[in-house]
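Chain nomenclature is as follows: A, B, C, D, E and F, assigned in order of appearance, with residue numbering initiated at 1 for each chain independently.
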Amino acid sequence: MKTKLGAFLVLLLLPTSSAFGADELNTGDTAWIIVATALVMMMTPAGLALFYGGMSRYKNLLNTFAMTVIAYCLASVIWVVWGYSLAFSGEGSLVGNLDALMLRGIGINSVSGTIPTYVFVLFQMTFACITVALVIGSVVDRMKFSSWIVFTVLWVTFIYCPIAHWVWGGGWMSQLGALDFAGGNVVHINAGVAGLVIALMLGKRVGYGKEAMFPSSVTLTTLGAGLLWFGWFGFNAGSELAADGVAASAFLVTNTSAATAALAWMAAEWIGTGKPTLLGIASGIVAGLVSITPAAGFVGLSASLLIGAVAGVLGFFSVSKLKLKMGYDDSLDAFGVHGLCGIWGALATGLFATPAITEGAAGLFYGNPKQLWIQVISILATIAYTAIGTVIVVWITKLLTGGLRVNRDDEVKGLDSSLHGERGFEF
Amino acid sequence: MKKIEAIIKPFKLDDVKEALNEIGIQGMTITEVKGYGRQKGHKEIYRGAEYVVDFIPKLKIEIVVEAARADSVVDIIAKAANTGKIGDGKIFILPMDSAVRVRTGERGADAL
Amino acid sequence: MKTKLGAFLVLLLLPTSSAFGADELNTGDTAWIIVATALVMMMTPAGLALFYGGMSRYKNLLNTFAMTVIAYCLASVIWVVWGYSLAFSGEGSLVGNLDALMLRGIGINSVSGTIPTYVFVLFQMTFACITVALVIGSVVDRMKFSSWIVFTVLWVTFIYCPIAHWVWGGGWMSQLGALDFAGGNVVHINAGVAGLVIALMLGKRVGYGKEAMFPSSVTLTTLGAGLLWFGWFGFNAGSELAADGVAASAFLVTNTSAATAALAWMAAEWIGTGKPTLLGIASGIVAGLVSITPAAGFVGLSASLLIGAVAGVLGFFSVSKLKLKMGYDDSLDAFGVHGLCGIWGALATGLFATPAITEGAAGLFYGNPKQLWIQVISILATIAYTAIGTVIVVWITKLLTGGLRVNRDDEVKGLDSSLHGERGFEF
Amino acid sequence: MKTKLGAFLVLLLLPTSSAFGADELNTGDTAWIIVATALVMMMTPAGLALFYGGMSRYKNLLNTFAMTVIAYCLASVIWVVWGYSLAFSGEGSLVGNLDALMLRGIGINSVSGTIPTYVFVLFQMTFACITVALVIGSVVDRMKFSSWIVFTVLWVTFIYCPIAHWVWGGGWMSQLGALDFAGGNVVHINAGVAGLVIALMLGKRVGYGKEAMFPSSVTLTTLGAGLLWFGWFGFNAGSELAADGVAASAFLVTNTSAATAALAWMAAEWIGTGKPTLLGIASGIVAGLVSITPAAGFVGLSASLLIGAVAGVLGFFSVSKLKLKMGYDDSLDAFGVHGLCGIWGALATGLFATPAITEGAAGLFYGNPKQLWIQVISILATIAYTAIGTVIVVWITKLLTGGLRVNRDDEVKGLDSSLHGERGFEF
Amino acid sequence: MKKIEAIIKPFKLDDVKEALNEIGIQGMTITEVKGYGRQKGHKEIYRGAEYVVDFIPKLKIEIVVEAARADSVVDIIAKAANTGKIGDGKIFILPMDSAVRVRTGERGADAL
Amino acid sequence: MKKIEAIIKPFKLDDVKEALNEIGIQGMTITEVKGYGRQKGHKEIYRGAEYVVDFIPKLKIEIVVEAARADSVVDIIAKAANTGKIGDGKIFILPMDSAVRVRTGERGADAL
């Protein structure tokens, strides 16, 4: 989403908002971003919990829900206590400071751009929450619940907050001019790479490769994908921080990319295996949403068709071929879908960004090859930082919780029963 | 007294039930089972890979009858459950000592 | 929803909006319609997928989801590529032109009424998507997935777009003065009649009439009805294209009609069979929502109570008596609920429309008998066009995909397994 | 939510809104409250139906859904016909009058504060609906559907409407200065106490205490909790009736309290039983949301952390210890979670309310001990009125429907089959 | 050695289990089955039409015991599962050759 | 002809199936059952209270074989299903009169 700087810029460009002038509250913009925040919030405990829960095996359905919900709870508390401050206060180029601890200095009359600062804080909070929750997709079926809790606290603090600062908090990436409208680097590449790292450190699930690990419910997963899609309009169009034409354009390309990617994944799978699965269609939706995220406020309709089409094929290829080839156990494909499609989206932004949508944001095909390099740098820097940082965070977590992984018997029996003493359905 | 256990294709249940009613068989117990045999199972697809599920849904029908009626019951079931395709199932005939009706305590043939 | 003409009219009537003048962006109106668009979008892949999926038999649950989700994906891509242009560009009275192909000529600063034109395009898109998806209710359990895909492309292009143009794109029905606030003709009668036609062409399901075809999950269906109700506020109140008193009134009558219809259906079934089913209550909600749709911006509270009550009884009668009498296999009652209740709603608009809500829109009981005739003409024209057009579209689909229907064995085995190689739940 | 009086007050305080002046429609505020209304609506037929349905035993899953959905339908019709009038018309200090029967005197141009009066009516309607639906949590698994219908009509009319009038309709509690931002007294204490009363009058479920009555689906319950959380932003932040900084602050403390309570409940249960259940986490979310409800527009971030933490522990204690000790059968803990946490929230408002958020609203810790007493009085008055009133209402219901309870065989067989002739899932 | 198969009403399981524990029966295997017999099934309603579901949920309890104990076990079950209403179920007694405990390989009575 | 019924731990199914295939057993029928015995069930938690679920998920494998092969089949299963932990299950051997293949009407050994 816009850096504050960006937000001001927009104000000067938009007839309506400018009618109010910078830093005066606009009730229409505020109404939209309050709702957008609620939509993005819903993505984690409802959308993602269903999407991931339905993909995990039945014996781990509730555990997957629990990890997702608790990730949201922890991250949202961390954010308002110290996370926001680390990401958005101060002028540092690497990380923020602690001036805004407990949101100190922000009140009901504080305004950022045309919305209350509290709304900006909350909107950003929902991004921190879903980012760490996305990591779950790589680790379900085998991680200790206690380890997950400790990991969440450390990862949000030491990995998410600095990267959010780089891109949206006025840090070095924004100074460099990297384009990341709604979180290609900050959210998807970050979560996807972290997921891969921790999946490798956890090791494969018992029986992985030998037995088919069918999703507990493709029905729930598809409902989850539908709710994620719904929420994603808040995620991408909300990142404009105003109710204007750019938000509308972001909405347009978001929907188009998701739809195209679902069709592309379906086609690829149909050709590849002879049958189009609903799991594939649902995964395609998410792949398309991920890919358009960094580009949402910068690219036009035709680019979104292409971005989505490539995302669908790339996603299918990475979860059905690449993963098997490489042999890592990315349980629900957080890396395959979020990591790889996030990288594609960040690159695509460097290719297709057009000034016609956001003044001054141009990609290779609009005469600005430099942007592509900036995107590449930002991608590599994100991968490097999150990869190394996550290794350290996981390593500390392992120490603090005496191992990351449940014992073999509990894993075989299932985490719902062994960790929570419950079952998903009691028919 | 004999116990007849028939493993049949699920969608054949109604045909079998009706055929048995016609010869006056009023009682039976059905169990959902999974069968493994010559019949190949269907394929399930997950993340682009195909998995053959070689356990196929079947129904097990258990009927206890007087020894004298066993053969006719077996024939009826065999006819009603037949599609001529692999996987039609089996009928097993087992010996029995006796039967009791819980409600009345009746024993033997009266219990059926 | 309003024709652009209508939208202007409103502007002149509304204090706030007029404060901004026509064709200047209002952030409040924009905020509301962006959200309304997201709500209507959610109705298809979440609300309708659950509502229909839960009603289909378990062995076809995922296939019903897949048809619904893919219908949304296809229709939304078609809409932004050529559909919007066919429906909303040009002055033709029968159909639009191709000037707005790929949304040519529309940019982030284009405004329609008080909202960005992109938002108008997207809001309209969600209507095209759900309309074709509604047809699924008549064909589940037996149609080839490939046939459904081809049908969707043809039907949205040749049936939906022209009718949308007639009513909302400045075509002959709007010139005639037909009142259809949110889609009685365009959405419900259209989808319901198309469903009946294709159900007749497909033929009955194996075992239809002999065996009871219980819903796979009344639980999911009811959740779907709840989400449809939630989204319908965007559908009906959003069709005002502004955040004003008429939108509020549309919200009021929408909710009242849905609630009344649910109670009426429940009562009718309770009396008729001795037991009130939850499936009946859920169906009643939808019947009430359908009936109020064309009338939402034109009628008052008391009318909405009556419209809902009649809708509930009519719906129950049509699915439990009429269908059996006529002997067609309208699997999930798309015709019974959407077709017939849509007709009732369109007529009711001609009876109860009051100028107190939208200036110049008066029905029979408000001294304008002519309106009722206009409604009858619009209903008959819609039925005729969609019936004939759908026959042709289905016939072409049949040619292109070598038959519409799965083979008997696959139908008996279930479409989830035979077409998608999946199962709804893996417990 | 604000009394109209309160709403005006706000107008004078808020830069934006005041820019429009009192009683002139603001499209941004209107957009937000229309959406907030839709969000709160969704809480009942979707959120609460799932939350309660998933907690009830499988054989009663659909009946719990049916009670919830029908409660919404009945209450929403009652509200627009006579309920709103009883609660919000006239100057009476105990109850309103019948001037606004059928919303007489309200039109599309009527404005309250900065939003259409219709929107205010609808927003309030959704509160009446969910309040009576919350009572279901105490009575599921054994109450006759017909009795529930009669009870709903009587209870909304004679219990809910008067209390709503006291607090929000200008009645004695608002004159007294009781602080109840979004419904601690009106909604949660009211519903929780009514639930306890009717649970006692119904008696225990067959087998209660002897056998474990496991939830039919913790999966559905958790999804319900997620949707309730999502809708609760409309409930609490919407109660500001404007898109401004106070709404944003209400959103902030609502989210923080919910997250903290979920973590606290989890911790308490983990320590208490050795395992953190997902049911506990989901219940904690709701406990935190309930507790912050009366305080949402009055307290700051640090208070919300404390309110949530206490709520989580209190909730766990009340459902796992207190209930067993007292021996009442509060099936799904409506009293334990809504009643007790509602009381805690109302008291906490008297402790932590700070003028920094809403001018003139100060609690004990901000130099106004008197407020705490006012809160205590309002709590006791609410408990007394709802307890006595509910006894009478239930007693009348019993007469009218010939007993409240299904017969033993039907209860053992399950209400889905015996009352509705359906099953939750047909796999 | 005998194999006792009892078809009972589901909600009677606990009573039967307790009764068997009292006489020292520690092992049994339960299967969810559907029963068809004199007892009429419940009605399900769909789109205003009533359908009789004539397969009724029952539980099958399988217990293997030494021949000597068979009769007493049967009596206990018959008593514990009885409600006096139609549909109480049946108890079948079957001959058995032998039994093996997987864990230890013990055979015959020791395996139980 | 004998009927072999083995109650095993669910996750042992594949091992047993493979072991049987190796000796040429091509057919079997599987039923999901709940077992009650020495093995303690797992605990479920509800509202802060613990409940022991003493019925444990097991699988019942039914295999009909010619009398001559019965012992070897039993041994194979006992080996393949063994974990050495309590709850490994039982194998029961029952006498049988005959079997019929529905598809062909074949009887006796040919039906298997």
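Heads up, the rule we're going with is that a residue touches a chain if its C-beta (ideal position, glycine included) is under 8 Å from a C-beta of that chain, and two chains touch if they have at least 3 such contacts.
Everything numeric in this text was worked out from a predicted model, so none of it was measured.
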**OP:** Kindly list the shared contact partners of chain A and chain F, in label order.
**Re:** B, D
Subject >> Recurring contact interface, reference A-F, options D-E, C-E or D-F [over half identical by residue number] >> reply: D-E
**OP:** Please state the rotation angle, between 0 and 180 degrees and to the nearest 5, that superposes the Cα atoms of chain B on chain E.
**Re:** 120
Subject >> chain F against chain E, contact positions shared by both copies (same if over half, else different) >> reply: different
Subject >> Cα-centroid distance, chain B relative to chain C, in whole angstrom >> reply: 47
Original post:
Where the centres are mean C-alpha positions, what is the separation of chain A from chain E, in Å?
Top reply: 53
Original post:
Quick one: chain A and chain D, Cα centre-to-centre, how many Å?
Top reply: 33
Original post:
Counting only residues that touch at least 2 other chains, which ones in chain A make the list?
Top reply: 26-29, 31-32, 35, 214-215, 273, 275, 277, 279, 420-425, 427
Original post:
What residues in chain F touch two or more of the other chains?
Top reply: 31, 44-45, 50, 94-95
Subject >> Interchain contacts (touch definition) - all pairs >> reply: A-B, A-C, A-D, A-F, B-C, B-E, B-F, C-D, C-E, D-E, D-F, E-F
Subject >> chain F contact footprint on chain E (complex, rising order) >> reply: 3, 17, 26-31, 64, 94-103, 105, 111-112
**OP:** Using the touch rule from the top, collect the residues of chain D that touch chain E in their complex.
**Re:** 211, 412-413, 417-418, 420-423
Subject >> Residues on chain F engaged by chain A in the complex (per definition of touch) >> reply: 11, 14, 42-45, 50
Original post:
In their complex, what parts of chain A are in touch with chain C?
Top reply: 15-17, 26-29, 31-32, 35, 39, 57-58, 214-219, 222-223, 225-227, 229-230, 233-234, 237, 242-249, 251-252, 255-256, 258-260, 262-263, 266, 273, 275-279, 281-282, 285, 301-302, 305, 356-357, 424-425, 427
**OP:** State the interface residues of chain F toward chain D in the complex, per the touch definition above.
**Re:** 44-51
